[in-house]
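What follows is a group of structures, each given as structure tokens.
Both of the next two complexes hold chain A, though its partner changes from chain B to chain C.
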Partner chain A sequence: MNTQEAIEKLKNKFGEKILEASSPRENRLYIKVSNDALVEAAKYLREELGFDMAISAGGTDYPKKNVIELFWIIWSSTDNVTLILKTDVDRENPKIPTLRDIWLGVQKFERETWELLGVEYEGHPNLKPLLLPEDWNEGYPLRKDFKLEPYRAPWGDEEK
Partner chain B sequence: MSSQESMERKEVKKGLLEKFPTPIKKLFNWGRSYSIWPIHFVTGCCSPEFMQLFGPRYDLERWGVLPMMSTRQSDTIIFVGNVSRKMMKRALRLYEQMPEPKNVVVIGACATSKGPFPESYSLVRVKDYMKVDIYVAGCPPKPEAQAYGILKLRKKILEGEEG
Partner chain C sequence: MSDMMVYRGNPFNEIEELGDGMFRLHMGPQHPISGQGRFIILTDGERVFDIEVDIGYSHRGTEKLLEHRTFIQGIVPVERMVMIDTANILMGYIGAVERILGVEPPPRANYIRTIVMEMNRIISHLYALGLLSESAAWNPAVFLWTTADREPFLDLLEMLTGARWSYSFFVPGGVRADIPRGFKERLLVTLDWFEKRIDVIEEAWIYNELFRMRTEGMGVISRQEAIEWGVAGPNLRASGVAYDTRKNEPYAAYGELDFKMVTHTAGDAYARGWARVEEMRVSVDIIRQAIENMPDGPVRVRVPQRAKPGEALFRVETSRGEMNVYIVSDGKDKPYRVKISPASFRNFLAIEMIPKTQTVLLADAPVLIYSFDPWFLDADR
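Up next is the complex of A and B:
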């Protein structure tokens, strides 16, 4: 499968819901969809275009644009094409349906994104802290407005 | 592990040894200084350097330093590498399980002072949670430096200054 053909197919199927689609080089495919068409697009990518192996998932916080951009990195084992599937969610109320029913491998990455960025994955079976302590309630560390100053280690030996 | 487990600083209790007269204490310390049996709490990238200590070149078993797998039979805990807040709960558990008298050695910048991550939300300093006997500076310290630190601890035990 050619990446340009894949972009054509996606644009014919979803039209305006595909916000950006590009293939800067061979074996790379960048697609940004609007968040209401995410699950259908993911199902189409898995079943029709053959992207079958989950590599990673995560997100980035953009406070000026007031969005959190989420990504899922999926690889196609038949065509050796890596797909980066992106979508935006509202920063104040970040909710997105989970993609673990389509690619089971993203479950733990979504759990990590939930704890570090505060994105709620609807339908995710196990949203519990993974890297942070079990009783963590001090906010979401990977958001840009998380204050690190209270955690700074003091200089010198204050025990004396 | 329950999430309510406390993370307060552990104080060193005065052991039974304090009640004995000085010559017996000295004899006891002399014996202890030749049998430091540490457990190692290895969580970071100082560990490849730390592994050298028990290899053929540095071989700390010459001074009776025998790496132990059981907390109940060891008398020193060696922190090697960065300790996160979640990991510190487990480390305090290990520290509580060790019999008195016990010593703490901290190796590397991360465990000493958070090192290259001074603003980290996740790392903690070991000295906020327990009494530390020996710090070894470096990022990572060379095996010679770590061996020197452990020999310093041995000297400290021999002179009865630790704890």
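Up next is the complex of A and C:
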């Protein structure tokens, strides 16, 4: 199955819920779904289209659009295609169902995104601090409004 | 008594007694280069019921740092992630940057990169094998063997790049320098010598009865589980999954070279160790081909400072497994977001899952952990 067939199948199945779909280079598939169809789309991608191995997950903060764009990167062991599955969540109240039950490999990546971006993965069994100290309460470092000033070296930095 | 005097738990307590004969054991390397970390092991003194990997002791916020640095300034924070494997780690970042800047390095630079990366892989695998055999309660002097064996490669890298570690040798658009006079001859002599050393290593460890008894059938991961948990690198190939980024998505000069992908089907600690020995032999083969077939030409091209808005994902096979770098650009000279997913971060999930699927004894826990070649600074970023 090539990437164009996968895009057509997804569009037939989910219609309007697929917001963006493209394949800019060989073996790459970028899919953006609306967040209410995320879990069904993920199940379909896993069971019907053969994307079985999770290799990354994370998010990007867009304060101007007031969204956090989440992504999950999945590889298909049968077709050797890498999928970047994306969806937007509201920045004020970022909540999304976990995909950990579909791809176990994203478990630690979702935990890390919860910690660094403040996204609540509903149904995730183990949301507790991973990289930051246990008593960290200074905000979410990967958000764009996180101020670096208190952490700069006293002798200055090259960027102001 | 002031608040300063109140400790949360006793920091000198390595073993916590939980009652009913159960203990929580805190085990972990505390080492300035290979990193700080902790394996929290739930045990009754004989069997391991649960392993939790506690990382984050040296989290440097690399992803955030990169958002505040230009593309070329990002080289230094990225390659510090894994000191022993800097070339492969840096290739992930440089590859993603080149993809988002829309440049292709010249062919000669690709071949030089390949040679440096494979030498780095040999160095890293030697270190991993030294730790694995040491943890398998074999003679710790073996670790000194492998440390000595990587010296000639470090000298060669110093000759080529000017540094033994953290070379910052790859830049967007190529490499910093061409190979110096006399490098090729010295490299070929070293490879001839090293091939004999691999035979010695294989005979001493892989066919060694004691090493086999300690590692065979231990920490088995089936093919299905390896895919499910997202295991990376030689650990994945030892479970029978034929994935090697160098083959599946060729970068640098790998697409033009003919080499073998090492796979095993057993999926145990023994297969993971053996896969690393065989991969060193494959690396020697790749370096020989690359130095013979190296084209002439420039080693660096000019690159634009600013990227076009867009995104790029680059996958690279580091010594510990596949790492991917996902860059989002908004058209400035700095990335808008960089997501680095290192191999050790994924392998740690497998270490946590194994005690849930099979019986692991406490005495086997170090062998289990080191068979994955973990690297805390990699996972911490």
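Quick notes on this structure:
We adopt the following convention: the second predicted complex is superposed on the first by the 155 of 160 C-alpha atoms of A that agree within 3 Å, B and C clash if a C-alpha of one lies under 4 Å from a C-alpha of the other, contacts with A are read in each partner's own complex, and residues count from 1 in each chain.
Here, contacts are C-beta pairs under 8 Å (C-beta built on N, C-alpha and C of every residue); 3 or more make two chains touch, one makes a residue touch a chain.
Keep in mind the model is a prediction, meaning the values are calculated, not measured.
Considering which of chain B and chain C touches more of chain A, the answer is C. In the superposition on chain A, contact is made by A:E149 with chain B only, not with chain C.
Of the two partner chains placed around the shared chain by superposition, neither chain B nor chain C is touched by A:S23.
By the touch criterion defined above, A:L131 reaches both chain B and chain C.
In the superposition on chain A, A:I84 makes contact with chain C only, while chain B stays out of contact range.
Look at A:S34: by the touch rule set out above, it reaches neither chain B nor chain C. In the superposition on chain A, contact is made by A:P141 with both chain B and chain C.
In the superposition on chain A, the residues of chain A touched by chain B in one structure and by chain C in the other are 131-133, 141, 146, 148, 159. Listing the residues of chain C that touch chain A in their complex gives 55-56, 59, 61, 63-64, 68-69, 73, 227-230, 232, 241, 243, 248-249, 311, 313, 315, 322, 324, 326, 328, 336-337, 339, 341, 345-346, 348-349, 380-381.
Of all residues in chain A, only 27-28, 30, 52-56, 58, 60-61, 71, 73, 75, 77, 80, 82, 84, 103-109, 116, 129-133, 141-142, 146, 148, 158-159 touch chain C in the complex they form. Those residues of chain A lying in contact with chain B across their complex are 131-135, 138, 141, 146, 148-149, 151-153, 159.
Touching chain A in their complex are the following residues of chain B: 1, 3-4, 85-86, 89, 113-114, 118-122, 125, 127.
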